[in-house]
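In order of appearance the chains are A, B, C and D, and numbering begins at 1 in each one.
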């Protein structure tokens, strides 16, 4: 146990940043940007420091911090990190930092923007670190508010619609989640919100009870993931949100849903997870194939990436449903990689949009002629997105499918169709945007700037390194996953 | 007995004069005249103080009220009111009802007081001397005494500040 | 030396890294970088081959990552098959790169070309060296991407971009099958390692039925169908000719497309265990080779002819593998790599020289391009199976295995394909190099860097066949050895193949040298057949009509479904909520709020009355106060 | 000997007159004058009660001294206010100064 509250500092450093921002006059934009940049960078540093204190051989939750918060109802401020949540924390810290750099494209109401931005970071960090269901719920909801404003104020033409839809949709989901959490609280003896204690008690929960609570939690998490048919908020929100926010939305927020399954639904309700395994797998396959189908039909670049997220998150669900080490690893890897890759894709779409003010893929063409570096980076991430081996996207999809195949042969065979269609829409996108005869309209388009390159290069390196040597990530994540599976009573060989 | 009767009749005379001048003071159209009427009334009150064995108060009444305050009031009248303009109404429209209220008030009080029989045994006492008043003021009542001087000072400064032109 | 096998793919990877990052500064120097790396790989490959011939094999692996019980490994397997392939790939690669110096000169993305080629070679070598199916799959896909990048190298041309996309997606379809196949194997056998798979299959593991094995084999074969352009996924290869010609020679003739054959050979144990699967392989092979051969008869684009020829020849190899002629298939793979690369490079020289690709516009180029013409002649003779060139020996092996399988129909069909091969190759040769120039073309002589690779490949085309010939006691098949094969030379088969080849050549001579009017007349008489062939059996059109368009419509439908039904449901929920709240709002506004407003209204009216009291005149107030006092006092006193 | 009630009746009459003045005077100075009448009426009460109820105590007289002092102060301030009002409104008639109205 470390004296210094590392995890809390990762969570509340952005809040500190907000306090500092309060004292900076509105018109000193450069100072505001630099301050937020420094804060997000420090958070990243803290997340790396956490790693140095992190023992990747220990499957349990480490660096726990526990304070009594509302003792009357046994609510604690309880944080902890294991391999799974660490991967998410790192992802959050990294993407927040990069998105903060990318936020230079925001030109109005800068101070408020960064305040909301940092608040969002706190919410996300807290969600991934909380070990108390109540605390988890609080952080979960905290992310909602800044996101609503970030979309609603700085978004595109249909921002109000998108923001309200996002907000109401996820709120509706989390209401069910809250019901589930309360049901768990009142059923446990002694009443507790502690995830670890609830996990220990999981065997005392009756099957029917588990099923009902699982469904309630499922609704909350599924909206966030998003699982078909709760996904329609996603394209709207992604398309309307400003670039950095799309990055966080796709990169981190979607993972909160999947993380919820990993951390709460599955360990606490193992029998229900087993019971609904097939149903989830069916939904996952629909996600994969259907998402790819719809992505194929898009003409809007950003929308295509948004629907591709639906498709890719399906792999996470498939791996989850497989309920095996391979599937779980695949799902966790896919979570991380999807965050990195889709984040980068949104950044690149943003780069293009900032210059041309259009996202219609058909409007471009032949950009590779005068934007060679941009094109190379875009092709790189496109390949990662379609699951090219050697890049990290492959590992997640591969393991998810392999795990899924063990459990659901036919379904997985169908979902492989998704891979083919993914290749289809990605290549169509590349062709429409980069290849073909050069469109004279975009002759004056400038090459990707150094700052923009800075935002994508770290992601590029991660994609490459994890693609070639996934052991780096898997060795951190796997012990935690194995522990979860063990607790669920899945027999490990 | 005669002296008693004389002094009593002088008192009632003075009282009636005071009342008359008081009425004049509130009814006269000319503000300057009413101020003068008030002076007469104040002098009458001073006489009443003498009847009550408060000679010092009578003196203070004449010196402060008649000598200082009324002078001030007359100055103010000179400064502000258009004294000689007879066309200006000096009273408002609620004279009748005011009269009713005031007189009913008076009537009521008289009605009550007239049935009020004071106890006897007030006739033998040692007269209070000026020296005793002075001593009391500077011993028992020193705090209010000082306070009143501060209030006066504050009033002095405050009035100067208020009436100063911007 | 065998221990250093991992170096072989490493060199090209290095070259790729150098060229992709510093290529723009290196400019023309990017070619030597790539070639030097290639040379290094070639040298090591040859040394390894030498050791492998002495009977040394090696398998090494490290753990790539581990999940649960499964350890995924990365490693290399050096055995005769891979050693042979290494040499072929590096040799052809080297020659193609040298050739490309001249061919690609002056291109805007000169360095990128060499970067991509290096990356391709790296992936190809990785694929060859893989010791397990998963690693194979990894490199398999990488190879596909390189192919994609190289086909659409001149992406400004829409057709090139389209072709690249088509190639990638078609391959992906096959890969999906491959993936399922490897998942099946991995699931039932718990390993993806080739050696372990063979071992476990030998012990007939429980719960693993013939059916499942056959299914796994066929699924893996799907991948091979995609990569090796077998029917029904062959459509991408002819289009892939949009890429630079050296690329066509390297990737789409000699190496990558042969990867499918290589994969089948690698996982031959699985195919052999699932009986049905080999039949599938041979049927697909014969359909492909017959169809592609017949299409090649009427094509006029020089590269397309070669492309269909490649498809046809790959089908040939598949037939061989399908009927159990393991070494024959692999042998043909090797010889074909040489002479097909040679033919493509020749075609490249011709295109480079005259700037057109239609053979009807060429003619009489023999005098102007002696080296090219001669080497091309050698290539044509080799592919037509004229003894003693390499093609003869390998084709003979294939025919022999087909013959030995006892399937006479198959044998007959393979003979017909051999006939067609000879015919269309010499049709190409005659139309290009002989006769009179049909159009005035400005010819520039190819650079020497383009001639030398041709000569070297020609040498290999002539002599590489001997290693597998009965003259050397079937050295090749003993080297590659999978299981005992019938190796007795059958002179009947040998003679028939020679006769068929020569017949094809003669017919081409009659048609295109002796009486050039004949083909047109023939085409007129057999119009439907001619059209069928010219339009490639309308397969592209059928795919477009029955697969691609419905698919695209389906995506549109899915999107509308999403937009209008699912999102509509969401919005409907939203709107109905709003409607309900409107009603509630109305109630609130006019009934609940109405009451509140009524109260306020009454109060306001009263206030309107009582505010008269509020005159602002202090005297009024005082008067009222005292009125109150008087009233109260009176009330207290008298009531 | 004049009984206490007579003093008190005198005081009451004076007080009511002052009250009437306060009610009816338009001029602010007039109101001030009427107030003085009322104050004097009160003072008479003080002294009279002191004489009749507690003859040995000086409190009554001393209270009157203070009252006179406070009256002086309030008069001074009141006059100053009146002068200030006159500067601002050019009138000293209180019924013309009705800004406190609703």
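Heads up, the rule we're going with is that a residue touches a chain if its C-beta (ideal position, glycine included) is under 8 Å from a C-beta of that chain, and two chains touch if they have at least 3 such contacts.
Since the structure is predicted, the reported quantities are computational estimates derived from the model, not experimental observations.
S.K.: When contacts are scored as defined above, which chain pair ends up with more C-beta pairs, A-C or B-C?
M.R.: By the number of C-beta pairs in contact, the winner is A-C.
S.K.: With centres defined as the mean C-alpha position, give me the chain A-chain C separation in Å.
M.R.: 33
S.K.: Take the average of all CA coordinates in chain A, do the same for chain B, and state the distance between these two points in whole angstrom.
M.R.: That gives a centre separation of 90 Å.
S.K.: Roughly how far is chain B from chain C, going centre to centre by Cα mean, in whole Å?
M.R.: Here chain B and chain C have centroids separated by 120 Å.
S.K.: Measuring centre to centre with CA averages, how many angstrom lie between chain B and chain D?
M.R.: Taking the mean C-alpha position of each chain, the two centres sit 7 Å apart.
S.K.: Could you list which residues of chain B touch at least two other chains?
M.R.: Only 92, 94, 98, 101-102, 105 qualify.
S.K.: For chain A, which residues are shared contacts with two or more other chains?
M.R.: none
S.K.: What parts of chain D, by residue number, touch at least two of the other chains?
M.R.: 19, 23-25, 95 - these are the residues of chain D that touch more than one other chain.
S.K.: Looking at the whole structure, which two-chain pairs count as touching?
M.R.: Pairs flagged as touching, ordered by label: A-C, B-C, B-D, C-D.
S.K.: Enumerate the contact residues on chain C facing chain D in the complex.
M.R.: That would be residues 611, 614-619, 622-623, 626 of chain C.
S.K.: Which of the residues in chain B come into contact with chain D in the complex?
M.R.: 4, 8, 11, 15, 18-19, 22-23, 25-26, 31, 34-35, 38, 41-42, 45, 48-49, 51-54, 56-57, 60-61, 64-65, 68-69, 72-73, 76-77, 79-81, 89-92, 94-95, 98-99, 101-103, 105-106, 109-110, 113-114, 116-119, 122-123, 125-126, 128, 132-133, 136-137, 141, 144, 148, 151-152, 154-156, 158-160, 162-163, 165
S.K.: Within the complex, which stretch of chain D touches chain C?
M.R.: Touching chain C: residues 19, 22-25, 31, 94-95, 97-102 of chain D.
S.K.: For the complex, which residues does chain C have touching chain B?
M.R.: Touch list, chain C to chain B: 617, 619-620, 623, 626-627, 629-630, 633-634, 637.
S.K.: Inside the complex, what are the residues of chain D that reach chain B?
M.R.: By the definition above, chain D touches chain B via 1-10, 12-21, 23-27, 29-30, 32-34, 36-37, 40, 43-44, 47-48, 50-52, 55-56, 58, 61-62, 64-66, 68-77, 79-84, 86-87, 92, 95.
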